[in-house]
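Heads up, the next two complexes both have chain A, just with different partners, chain B and then chain C.
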Partner chain A sequence: MSDILSQSVDRLSRVSGVLGAMVVEADAGVPVVAEMTAGVDSGPVAALASSLFRRTANAATTAGFGAVRTMQLEADHGHVIVAGAGELLVVVVAERNAQLGLVRLEASRAAEALA
Partner chain B sequence: MKVPPPSDLQRWSEEVARDPKSPAFLPLARAYRKQGRRDAALRLCLRGLQHHPTHVEAHGLLALLYFESGQRARAYDEWSIVLRLDPENFEAIRGMGFYHLEQNDDAAARTHLERAAAMKPNDVTVREALKILDERKAETSAPLAPDNLAAWDDYIGTAVPAAPAARPPNTPPPSALRAVPTRPAPRPGVADPRRVFDDFIRAGQILGGLILDQQGLVLAGSLAGVAGTTAETVGAILNGAIEEAARTASLLSLGHWCGILLDADSVQLHLSPLDDGNILLIAARRDAPAGWVLRSAQQAGVAARQFLEAYA
Partner chain C sequence: MRHDDLPRVMEALKPPIATFVRESRVRIVLLISGSGQVLAQHGFTRSYEVMNVASLAAAAHASAGALAEMSGVPRWKHLHHAGQERQLFLAPIRTPVGELILVAIFDKESSLGIVQLFFEQLGNTIRLLPEFQQRDGALPTAATFERDLEAGLNRVLPEAGEA
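Entry: the complex of A and B
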């Protein structure tokens, strides 16, 4: 299992514009495997991204839209993409001009592999 | 403008009917436009862009169609997309120059038109437009004569289908260029605020849209096309996630949040900030490409801001 986690994170972190990728334990919000560029701390990213995903996913489910598969937070200087994988989450932090299509695709593939 | 022979129309039409992803949507939409069937052309373009979201010519045609139907803000938006995809696109640069000229934003108009002139020095319409800017600069206090205030719609509108043969297609007559109306861009028809996004919904672009205030109350829009929920419920529930999105972006040093895209089982949702703490929520089909949803959110944002400016 740890091989799958590492491979998923490794592949994601190679995508152009990705600043970091990690697999996070969904409920606790702690990183299981992480590969981040220098200066990006995986702990806060895992905690905040998982919290936001949980909040928006609960809201969407309560509103009757069903389960949330991916969430993408767009901000002035970058993006956070979170894909649900059962008890795990795949979290990616990317630059503003990253290849988002590829990032989303790889994040979804990683989540499918982990679920 | 020459209308393609019926055999071509039939072939393109059959291709698109057989395969909605067929690139034949573009020549077919162009042909419809030449026939004056702008609504059909618009629908084809929007549908085609669902499958080809980065098709420069399709965005350019959509810009023309919006412009001709008086939807200036949307035309501007489409030209902006064209320029993101193709920064040297002459038609888009010129179109944005004319848009700014119409809006009396002379500085922005000059920037675009001078760039267009550098690309095509012999384009008579660009030269005329720059001349108008020069005249405005010289006579800043002189109002335009009423007989010069012909509708700006004449620019591209008269070129379809009744443009004089001597003029190249899609270029404004010099008189129309000189005649810059001062009326503002059209605002969405919102006698009923629930209908503010109806144009987008009718075009199949989104399923529904809401403008929410800071308290999560619905200001405008509707989610009538989204099964199993009510606008008020969605507004109240999702609004709670906004504060967390802003905090997350800030704490991760990503700056201000610009939007959240959620891919749920039944729909895709996009939330984005408007002015004064208001929020725009749009719902799109589950199978719509993410780029398309983001683009639709951007366009709906323009309509939402116009609504808020005019009515809120």
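Entry: the complex of A and C
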């Protein structure tokens, strides 16, 4: 299992514009496997991204939209993309100019492989 | 930490503890000094609960420290117990005047990662408080534990003396 996690993170990290990727334990909000560029602290990103994903999922369920598959946060200088994978989350931090379509596709693929 | 410092210290701790509770969404918080003084609390309604948790937290902290030492690990960052409904987080905050112990209890509204994150911020804020900058020479001892516990308890829960 740890090989699959590492491979998923490694594959995502190699996408152009990706600053880091990690697999996070959804309930605890702590990283399981992480590859982050220098200057990005995986712990806080994992905690906040998982908390945000959980709340978004609650909102979607309450609104009758069903389960959330991916969540994308757009900020001034970059993006955070989170894909649900059962008890795990795939979290990707990308530059503003990253190829978002490819990043989202790879994040979804990784989530499907882990779910 | 001297007896007469206690009101000032407890007042200074109110804002950072309130921020920690709000941001981390924990249900219960207790902050005690290494000698058992209750410095801050949130979520407790009965004095005996505070007293019990303070005593057990101090004991757990001491046991974990001894275990770490025996294992060749000089320090530990935190203890975490994940129950089905609620989770317990117990961690030391090291300051220039001594060690504090934080106990936090949280449920599904929060997560270990979130509690860890805001615990780090709480520790950094407390270490910068003037009240935690100077050592007054009064080192806590086991003999002062009960007296300090009572003193802190009477301040965070005024009805403690009647319980």
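Convention: the second predicted complex is superposed on the first by the 115 of 115 C-alpha atoms of A that agree within 3 Å, B and C clash if a C-alpha of one lies under 4 Å from a C-alpha of the other, contacts with A are read in each partner's own complex, and residues count from 1 in each chain.
Everything that follows uses one rule, which is that a contact is a pair of C-beta atoms (placed from the backbone, for glycine too) under 8 Å apart; a residue touches a chain by one contact, two chains touch by 3 or more.
If you're wondering where the values come from, they're calculated on a predicted model, not measured in any experiment.
The superposition on chain A brings chain B alongside chain C with room for both.
By the touch criterion defined above, A:A28 lies against chain C but remains apart from chain B after alignment on the C-alpha atoms of chain A. By the touch criterion defined above, A:R69 lies against chain B but remains apart from chain C after alignment on the C-alpha atoms of chain A.
Legend: residue contacts after superposition of the two complexes on their common chain; A:G20 is shown touching neither chain B nor chain C.
Touch counts on chain A: comparing chain C and chain B, the chain ahead is B. In the superposition on chain A, contact of A:G43 is made with chain C only, not with chain B. Taking the C-alpha centre of chain A as the vertex, the lines to the centres of chain B and chain C open to an angle of 120 degrees, rounded to the nearest 10.
Shared-chain residue A:S51: touches chain B and chain C both. Here chain B and chain C sit at a least CA-CA distance of 10 Å once the structures share a frame through chain A.
Across the superposed pair, chain B and chain C both touch chain A at residues 44, 48, 51. Those residues of chain C whose C-beta lies close enough to touch chain A in the complex are 82, 108, 110-114, 116-117.
Touching chain B in their complex are the following residues of chain A: 44-45, 48-49, 51-52, 55-57, 59-80, 93, 100-101, 104. In the complex of the two chains, the chain B residues touching chain A come out as 226, 228-229, 233-234, 237-238, 240-241, 244-245, 247-249, 251-267, 269, 290-291. The part of chain A that touches chain C in the complex is made up of residues 24, 27-30, 43-44, 46-48, 50-51, 54.
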